[in-house]
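In the two assemblies presented below, chain A is common to both, partnered first by chain B and then by chain C.
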Partner chain A sequence: MIKPLITISGVGMLASILAAARAPRLWLGGVLAGAAGGLGAAVLALSTGFVWEWRSELTIGGEAVHLRLDALSALFLALLSLIGGAGAVYGREYWDGRAHPRSAWSERVCWSALVLCLGVVLLTVNGLHFLIALELSTLSAYFLVTLDRQRSEVRAAGWLYLAASHAATLCLLAFFTLMAVRTGSWELASMRDRPELAPLFWLALAGFGLKAGLFPLHIWLPSAHANAPSHVSAILSGVTLKIGIYGLVRFSGWLPMPPQAGWVVAFLGVSSAVLGVAFALGQHDLKRLLAYHSVENIGIILIGLGFALVAMGQGNARWGRLALAGGLLHVWNHGLFKSLLFFAAGSVLHATGTREMSRLGGLWRLMPWTASLFALGAVAISGLPPLNGFVSEWLVYLGLFDATLARGSSAWAAIPAAILLGVTGALALACFVKVCGVVFLGAPRSRAAADARESGPAMRGAMLVLGAGCVAIGLAPVLFWPAVLRAVDVWNPVWGGAATPVALSSLGMLHVALTLLALGAAGWLWRKARRGGLRRAVTWDCGYAAPTPRMQYTAGSFSSIINEWFASILRPERHEHRPEGLLPVSASFTEHTPETVLERIVMPAGRVVMRVSTAARGLQHGRVQSYLLYLLIGLAALAVLVVLGGGS
Partner chain B sequence: MGLNLLALGTNRLPSLIRAVALQGVALGVMPLLMEYETLNWRVAAVALATIAGKGLVIPALLRRAMRAASIDREIEPFIGFVSSLLLGAGGTIAAVAFARALPLLPEHAGTLLVPGAIASILTGFILLIGRVKAISQVCGYLILENGIYLFGLLLIHSTPLLVESGILLDVTVGVFIIGIIVDRIQRAFDSLDTRKLTTLRE
Partner chain C sequence: MILIFNLTFRLALWLLLAPLLPGVINKVKAWVAGRRGAPMFQLYYDLAKQWRKGVVMSTLASPGFIAGPAVAWAAVTGAAMLMPLGPAGGALSFRGDVLLLVYLLALARFCTAWAAMETGSAFEGMGAAREVSYAVLAEAAIIAAVLSLSVQTGSVSLITMLSPSAGAGAVLLAAGLFAVLLSENCRVPFDDPNTHLELTMIHEAMILDHSGPPLAAILHGASVKLLLFAVLLVQAVLPMRELSPLAAAGALAAGVLTVTLSVGLVESLMARLAFRRVTLLLTTAFLLCLFALLVAWKGGAK
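Let's look at the complex of A and B:
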């Protein structure tokens, strides 16, 4: 049953690539058929635990094509299919042929290619094909990021993305080649019984960590996600980052692990989570802020994976299973709510033409669908009940709490991790209160915001599908638990199947009750408001004679206290001109949070490399005499080496 | 070896060429002196060819090139004459010291042949590195080659005649071609300063 679905999926995507240039409707049909096929296959694999395997006679690069779908890859395939399909529908309206006649067709081709290549990455069990598909998906993503390439910051973001991706590919190339050399084949399978392969994990961590946007390696992420068209940001953040997670989970399950691996991953996860949200708080650009939240959520996923690795290292302690299940469920959840948020942010951008939060405001009345769905996503990403973000974070918490009950070093690591996870959630909540308040509430701060119009049915429909996904996982976590558990069992079969934790089913019921309660309360308020009637008055009618929208809280002022706490890490740039005298004429204050890792570490290092290589280039100046001198020095050095080495 | 230092110390091209020629003749005589007890026609032929080639033909070619380019002085070398002399002397001492450290056959260990050869190679290098004019560089190259030839003398009985004559022919043809190139450079750039060739680097 899985094979025809996968075939439909592959054929649909290939057909959509061919149809993309001339027939947009056919393209949409192809992508949707492909997405439906992929989703069906993933659901089947997840619900039955069946492992589908297919070997072909066809060879690519001298290696036979070999595909495999198990519960772990199905988990990611389901997410890819959903976002790939929803994004295609959204993109039809967001990047339509009339507004972008020159790039609309290349958007369609690259979208299909990206989704298809990511699917191949998830299904293939051949290292060479994995690398090829990953590289092709990076290239398609690059062209999608730079669709609007007339703007120079888009080109710069695309360039940074490409450079970072190539650094990642370099690590992964070394990883796969070394693995192939040591095992004698490109075929990937479980290699737990070969302890000499353990050090390769560090290469995988660097490569997939760059792909996933781990904290110190996230430098490319904010600018790429902010400058790409919004549905592209959604798939980049919702799915492409998860490919890095997929690689880490897959190979940490297949390879033997160095003993420190779990601690390192957990530490990186905690630092990504806390610092990601801290950077997000300092942003004034709506999409850049969302991009930093991706770093945070990748951190939460990695906390789950890291503690699962620790648990595995300590004799397969059971709490590791909860942590990993939480992490994997968070893969789905983050994919859903982050794509939803990017879609909604794109809808705002589409309607107003700006991503600057200080130019928006008051959009709730003008764009009720977008605003409500954004708020839904915001509640989910802040980890508030009754939505899905709470479920997965809660599973991670459960794992951490069980770890603290277990004796040993893991307890000492789990306590601070749990506390920092709580801090992350609180900061995320503060951040989204800021976004919702500044963007959707209050009064419009600019002409563009005042003239905003609600987006059309295609964009709203795509957002509704994702919003429904968030609600479904939040209200009925028990339905999704077996699927996640199967993926966890693929990762470590030793843990074996166990019943649903009692707490999870009661959590589901609690969520339903909470929702009903909230709906009831909302209905009651609404009725009361309708009966009693609303009285409108000026907001600050005590001293402010003429309030203007510019007197509202700005994004910067809202979060300035929290920014102050993290100032030593964020290093915000401030320019202030204080009011002076009794009747000050002018005053100004601007604050900007740069990408600190990029600007303080990577770029200075790049400049040093540049200077050294420019100096080294001076060695080649065309004077024969000096070339001969180099030769002589080389010979003398060799002679010295021989004389010294001969003695030993 | 004194000739090496002479070559380093002079700034006049004719005396440089003369030093190279004398060195060639000395090299030619060397096998005759070394092997006079077991003299055979092969060694004699190699010796005669060397004297003719290195002592007469090559210097004649160089002199012609020099006349064609109408220069006879090396004016602004990269490494000054005194410092080249000092470097050459240092190199000679180092060569003697270095030759002691080499794992040589016992019958070669006592002779000055090996240090002489190494010193000549170093001198050739110093000339090649330190001089600007193309003709001086050719002379440096010849002295370097002489050093290698001197090293080859250790093996004169086992080296086939054909190889010896091949090397000699190579060197002669090389110098011949360089003579022509020198002429061309002179006509094209009106100078033999190799520093002006740096734009050809890419």
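Let's look at the complex of A and C:
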């Protein structure tokens, strides 16, 4: 049953690539068929635990094509299919042929290619094919990011993305070739019994960590996600980052692990979570802010994975299962709500032409759908009940609490991790109150915001599907739990069998009860207010006579208290011109949070490399005499080496 | 059937008793200042009055302006229903319910701050910004306190966690949780519910534009939250498991009254802190909870 679905999926995607240039409708049909096939196969694999394997006679690069779908890859394939399909529908309206006659067809080709290649990455069990598909997906993502390449910041973002991705590819090339050399084959499978392969994990961590946007390696992420078209940002953030997570989870399950691996991953996860949200609070650009929240959520996922690794190192402690299940469920959740938020942000950008939060405001009246769906995503990403973000964070918390109660060495990591996870949640809440308040509530701050128009049915439909996913996982977590557990048990089969009692059904029922209570209370209060005589008046604001939109609290002022706490890490750039004298004429204050890691660490290091290389270039000047001299010096050095080395 | 009866009874208890606490606090403040003060039941009168009034809404506000307080009220009430009540135990208990309680309070905060941002008023934005910022530190303290109770009792559900054995850690935990109570419920020294200077307010600044039934929902929700924290504090510190049911019920009531009186006394004897100091005090509360955690850890290792 899985094979025909996968075939439909593959054929659909291939057909969509062929149809992309001429027949947009056919393209959409192909992508949707592909997505439906992929989703169906993933659901089958997740609900039955069946492992599908297929070897072909066909060879690519001298290696036979070998595909395999187990619960772990199905978990990611389900997300890819959903976002790939929803994004295609959204993109039809967002990047339509009339507004972008030159790039619309290449957008369609690259979208199909990206989704297809990511699917191959998830299914293949051949190292060489994994690398090829990953590289092709990077290239298609690059062309998608730079669709609007007339703008210089888009080109810069694309270049940075390409450079960082290739640094990652370099690490992964080393990882896969070393593994192939040591095992004698490109085939990938569980290699737990080969302890000499353990150090390779660090290469995988660097490579997949760059792909996933872990904290110090996230430098490419904010600018690429901010400057790409919004449905591309959604798939980059919702799915492409998860490929990094997939790689880490897959190979940490298949390879023997160095003993420190779990601790390092957990530490990186915690620092990504806290610092990601701290940087997000400092942003004024809506999409850049969302991009930093991806760093935060990747951190939460890695906290789950890290503690699962620690648990595995400590005799397969059962709390590791909870932590990893929370992390993997968060993969789905983050994919859903972050794509939803990027879609909604794209809808705002589409309507107003700006991502600058200080130019927006009061959009709820003109864009009620976008505003309410963004609010839904905001509640979900802040990890609040009754939506899906809370369910996965709750599972991670339970894992951390059990690790504390186990009282081993793991407790000393679990305690700070639990506290910092709480802090992360509170910071994310602060950040999303800020975003919702500044962008959608209050009065419009510019002409563009006052003239906004709600987006059309395609964009709204895509957002509704993702929003429904968030609500479904929040209200009925029990339905999704067996699937997540199957993926966890693929990762570590030792945990399989015995059930881990988790009160998810109680949680789900309380979520439903809470939703009903909240809806009832809101409806009742609204009716009561309407009947008692609802009067509209200008905002009171303590009696100020003529409030103007410019007097509203801005994004910068809202987050200033928290920014001050993190100032030593964020290094905000401030320019202030204080009012002076009795009757001050002018005063100003601007604050900007730079890409601190990129601008303070990576770029200076890059400049040093450039300087050294420029100096080295001086050796090559085209004078034959000097080249002869180099040859002589080289020969002399070799002779000295031989003479000295001959003795030993 | 019994469950429904149980839930209804609890709900009535929480909703009806909660507005008494601010009345007691105000009475204590009046008594210390040598005034006669407002009647103990003033908040009930206020709620009834607000409920009958009409609503004035800002022209900028969306329906969220009214839905926000309603959802916040529902979240706080839901959190209260999770809280076990001394000898009566909990009605809805499951493993990990404590985290749901903490996050329901966060949901209430989100909704209140959302409703504040609706009006586009600078004062309300300021209040919302302060509320969500200081809550970050309070959240760290609460998670540390929860961890400490969890380590002490070896459990992750409220019903077992809230019957600890008294010890040195209890004093630290009580001090830490009391500071969190003051901060989360916007009492002196973090915030002054009676101030009339908008620039120095937190919670009151957020609800400047609310009126009528939504204001009643906010005020009532705030009083339920205060009672919730008082009950949490008392049960986290008093070893009630060892008492007979009647004595335990008496201890719980006496404990909540003591906490309320202490809030009133603190409010009478202290001034509001400068905003720079708020961070410092909340960090101290966090450290107290953290030390309680370490004490619980040592105690359990014996």
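Odds and ends about this structure:
Keep in mind that, in the parts below, the second predicted complex is superposed on the first by the 627 of 648 C-alpha atoms of A that agree within 3 Å, B and C clash if a C-alpha of one lies under 4 Å from a C-alpha of the other, contacts with A are read in each partner's own complex, and residues count from 1 in each chain.
Here is the rule we go by: contacts are C-beta pairs under 8 Å (C-beta built on N, C-alpha and C of every residue); 3 or more make two chains touch, one makes a residue touch a chain.
All values reported here derive from a predicted model rather than from experimental measurement.
Partners chain B and chain C, once the complexes are superposed on chain A, both fit on it without clashing. Residue contacts after overlaying the shared chain place A:551 against chain C, while chain B stays out of touching range. Of the two partner chains placed by superposition, A:170 touches none, neither chain B nor chain C.
Here chain B and chain C are compared by how many residues of chain A each touches, and C touches more. Within the superposed three-chain model, A:626 lies in touch with chain B and out of touch with chain C [touch as defined at top].
Touch criterion not met for A:180: it reaches neither chain B nor chain C. Once the two complexes are overlaid on the shared chain, A:528 sits against chain C while remaining clear of chain B. Seen from the CA centre of chain A, chain B and chain C lie at an angle of 140° in the overlaid model, rounded to the nearest 10. Contacts of A:402 after superposition: chain C is touched, whereas chain B is not reached. After superposing the two complexes on chain A, the shortest C-alpha to C-alpha distance between chain B and chain C comes to 62 Å. Common to the chain B and chain C contact sets on chain A is no residue at all.
Of all residues in chain A, those touching chain C in their complex are 361-362, 364-365, 371, 375, 379, 382-385, 390, 394, 397-398, 401-402, 404-405, 407, 411, 415, 418-419, 421-423, 425-427, 429-430, 432-434, 436-438, 441-443, 501-503, 506-507, 510, 513-514, 517-518, 520-522, 524-526, 528-529, 532-542, 547, 549, 551-553, 557-562, 565. Residues 78, 98, 101, 125, 128-132, 137, 194-195, 197-201 of chain B are the ones that touch chain A when the two sit in their complex. Listing the residues of chain A that touch chain B in their complex gives 620-626, 628-629, 632, 639, 643.
Taken together, the chain C residues at the contact with chain A in this complex read 51-64, 66-67, 69-71, 73-75, 77-78, 92, 94-97, 99-100, 102-104, 106-107, 109-110, 113-114, 116-126, 128-130, 132-136, 138-140, 142-144, 147, 150-151, 154, 156, 198, 208-209, 212-214, 217, 279, 293, 297, 300-301.
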